[in-house]
């Protein structure tokens, strides 16, 4: 007999409300026009993120499980399906900015419609449905949290394209840390035959690409206890790091030249030195803050210049689990690893349409680990695998150094 | 002594108010998001049109002539200068859609600010200034009227990019004419040594590119009394016109193939035949209505197929002046001519920044004559020269046939 | 009764041999590899020119008129048809450089095969065929002469792409003229109602685009007796001509910026001043020699800077016919006119496949008049209309100034 | 005391002569024009390969070690440096086809010049120099062998671009195997803690990217004893494999659609079924021959369809070493693995300019293992790591299936 999920119902409903409300709060400082424009093919309008996450709940949870659910607008499936081939044709990603309609207010009504139905389903679903419903709802919430971070990265990119560099949040930031940052400390790890990844059947949520838990042989290494800072990185820039091909991978050096890279994406050279554009607008470089908005190639080149290297994702994960001295793990910047994104040994994607969630992107991208200042609290974990192409710069991505230990 | 321009002041002020208000009325059916998005590099957001036309008055009229004028926002010069090199650097045209800020409401405030200052200047300018002021104001109004048409063509293009094809004006149109359209009649013109163009010093407004009035030798010709209709054009399409290279110029045939042209830009093939997207949404083809949204190449190919040709701009202008039977001259569709856009003999551009208004585009474009359903009433005239590249399709452009008369 | 064409047969056969031999002589300084490579989509390999001109005789003369003609290789129709839609599918123009086969020696054998058949046909064709045969043969020879010039312009472009700038003809040129060139003289022309173009039924050869002879009203003008020289043009360059947007058409200024134009295509800045790459390799600028390898836009900008303008093609043609003082008409540089290439009043293209020869290009190009140092002697004439897009730079094109005469 | 390297001298000199002569033999069936043309940016002309490999010996061996060596042509460093930033600027890769000069005969003279100097150096180098000389010479020979394979893949690509599909070797192939190929057998491997890679200090040559030898934990798996055949792959194609997005990675499906992939690169559909273009021209599909010219994406999709997967490079290497039943390892087709190309734990690139040989490409590519019909005999080995981007199709690449063993 299925146990009564009463308390779990309440907890999940509360979590659902909180996560969904956070999306609206993040969009709040943006005008309707800000939320409609697409600044580049890789980015999506804020309005689109809000609709797409609702479509995800509607399509993967409500339509299969809520018998009486009424689809809000049948045309939305075409507009707000992101990349699920199994769920039918969709509006091309590079043209999401052409969707001036539905207006923001209609998208907000769509969110409310989905919320009401989802909360009713959470309350009323018969116990035998509960496990599946809870799993899919949790997947939808994790998905929404990923889009919360993307909403911020995409909004920041849009604002960075405006000649006047408007701030997302115009409030003055607290004064930057003036105390010089201590040198990073190297934390040694003995390596050996370790376990990596998450258990698909475990109690905590994990995406399919974190599974199965598996063994891995690790050579001894050491890893920095903190991230590379803006101050560290500025020394690399000022030392000519962007002009020395010996520091770069071939593809990276080609990007430096063809796209005229001279500093991280949002750095601007001012009369009084570097300024950095971020969620609070253009601010003087803060030497103690982690460097952000780096491509893999810039992270690689910095590590070469520093006489170190990027960690593998296996090293990173074991360090996060095993080394108490590790700082700035989940809350500052995603950390590029030297590992290409691929399937773990024995990987099986989720069943159904969700199979396309992670598995079909397992080529041509690099793994980032950790989490950033834009990652919702509690969303990430030691086994979490973020991934982007090596040339990507608009994410909140930085780096942590590692070295062989021999 | 300069005569008192009192009545002229009132007339111009009234005309100013009317023209400016018409812009707002045209934008009214569009949402703020509709007015912000740029659907292609050649098109501009509606909001941008509204700001740019205000910047034109601010920069070419108020700043030189209104001593105490306070610029609304110094940053707008960069954002809303279209192409005037002499007036400083500007935001790149293909990126106008990235300007989510200023919001529409701010642009509307900008318009009011300019309107108040301009109307005050019209009322108060000392008589010696009047002639120059009136001429520049009139230039600004003609300019605004051109942007009124562009606002509609650009809005229609944006809506045409939306998978749901929303209507600019959802109101039902009156029933399409069902009476078969009579065959076009050929109106003969004897040619000879004629005069073309406008007198720069004449009483009526004319753009510099219509001047000077000059002599031209014209061979005898005949010209159709009406435009080519949707019904005419559908016969060309159905007869395989888009599949026969012999009908097309080389560049046109290349466009047919590389861009997969099969019908005019806004025609869609439905179960019950052709449908045409326009300001009232997607409607069944109206055989009696003029065909619209053709490129020069499609107009050329149709004329070849029909055993005729496009008129030259000289033929068109003399026909418009001399032949009483000419219909559908200014109010249905711009009419492609076979004349490339170039300077008239003795052409001199306007002085100052306005020199860039027309003259620097005198290569690589074809002349269109007449006026369209989107041209403000009274804006066009017999000497008016519109011009676009031959591949342009999103304008309200159609054609009228001509033939040699021998 | 058809008169016996005996002497005409001999004359035409002799002319045929001479023209065809000249093509081979022009290719002589080039290696087989030089003759195979295509340096850009607009240029063709020398080998391709040699084969295409033979295919033209084979397809337009021998196949229709020589009953027993055996096609050299049926596959060549696909490889060497340039742009004749009526003659079937063809190898894409931008990929002509991929045709490493047939080898040069095979193309030379193809030429001999065609020559033998053509000369036999010229000798043996029955008198009733003669007029048609002579006209088509002459068309083929004129066509071959056009390709002789293209062979040189295309070979020079290829050599200009090589980092070592090899000379087409390494022989030292005679010393450049050191005597300062006299100022250009202005030759006045009264204008009036003039005749332009060639008579299609006249005794001399003319392309269809030069016909029909027609009347044209011409305002009075004056025109320079000589071309703009390298010395003249260097003053424009040194005065910042490539940095002043006010001198350029909008499209031209865009090209200056996006393609980083700083001087004519083949000028190189050296320690001792400008050097010019030409058929004899890289040579010091010769102030007295006409400037070459200009786009329309550069010619336009120079004329603006010089306080003059480009002539219309009508002005040019009447000046060439009427003004005895005109120098450097046909033998130095094609001269950009401000006239767009279009059909003359009453224009009818040739019949059959030759209809595509000139007519289908009558949009988007500008007319050049005169002839260049690479134009075969006797090929050009006062009514000759050459045409290229305004951005074209690799032709032997320069300019001659004109001015209104008021 | 350094031992006398006399016998090693003779052996290396003989090997040098043999390898260098093989390059010429491979180029022999190609005309000078074939050897000059570049069919796409990724491919190089055969002539360029022959010059570049000579430049490699000249620059990395002769100039540092042969005191009296006279550089053949100082301009060649610019023309024939491939990608070594440390060795100065170079001709852009996509423009190698513009190098009609030096002619093939000059490149052959260059080869002889280098050969004479290298053979003299091998004979005369003082014993203390020998070890370094022998290592660099061997590197140069391995490099030349890599270019031998590229010479063939690039020549085949060029010939495939010709509308007449000429054969590299027109000789008739022996009749295709008609006996049906037996089903592939699955060979099990127990996995465990294994060693991978080559010992940098070992007696046999290995590239730096194969080192260091290191430990790796391997889960049990099984692997097919033979490659996927043309017959196997044809069943996938005929079953709609190129039309089912569920089988493809996201990037692969995008390529299928945008580049209209319907079968492997060199398959052509004929009246009697598939034909395959290869070194012997267009031939009927041979069901028993390994499928070639696949991208990683096509290999991945086939494996999905077959209910299997691609092996990792670790699995492949251990299978090649440990499983006696493995067939078609080195002599038929490179085999895509699911492993991205990256540095082994503890990887250090070679010293000096050779550091750029392999290390700077360690992102964005996938590893292929084995060797192909175009790989020189003896060149490959179990630890050999070939690598190409996942979209690459013009290499002799196929696949071998693997599966988890649980």
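The first chain written gets the first letter, and so on, giving A, B, C and D; residue counts start at 1 in each chain.
Keep in mind that, in the parts below, a residue touches a chain if its C-beta (ideal position, glycine included) is under 8 Å from a C-beta of that chain, and two chains touch if they have at least 3 such contacts.
These figures come from a predicted structure and were not determined experimentally.
Counting only chains that touch, the fewest steps needed to get from subunit B to subunit D is 2.
Look at the CA centroids: the one farthest from the centroid of subunit D belongs to B.
For the pair subunit A and subunit C, the distance between mean C-alpha positions equals 59 Å.
Centroids of subunit B and subunit C (each the mean of its C-alpha atoms) stand 37 Å apart. Averaged C-alpha coordinates give centres for subunit A and subunit B that are 47 Å from one another. Counting only residues that touch two or more partner chains, subunit D has none. The part of subunit C that touches subunit B in the complex is made up of residues 83, 85-86, 193, 214-217, 219, 245-246, 248-253, 296-297, 300, 312, 338-340, 342-343, 345-346, 356, 360-364, 366, 390, 404, 406.
Within the complex formed with subunit A, the subunit B residues making contact are 31-34, 36-37, 39, 47, 75, 78-79, 91, 95, 97-101, 103-104, 158, 161-164, 166.
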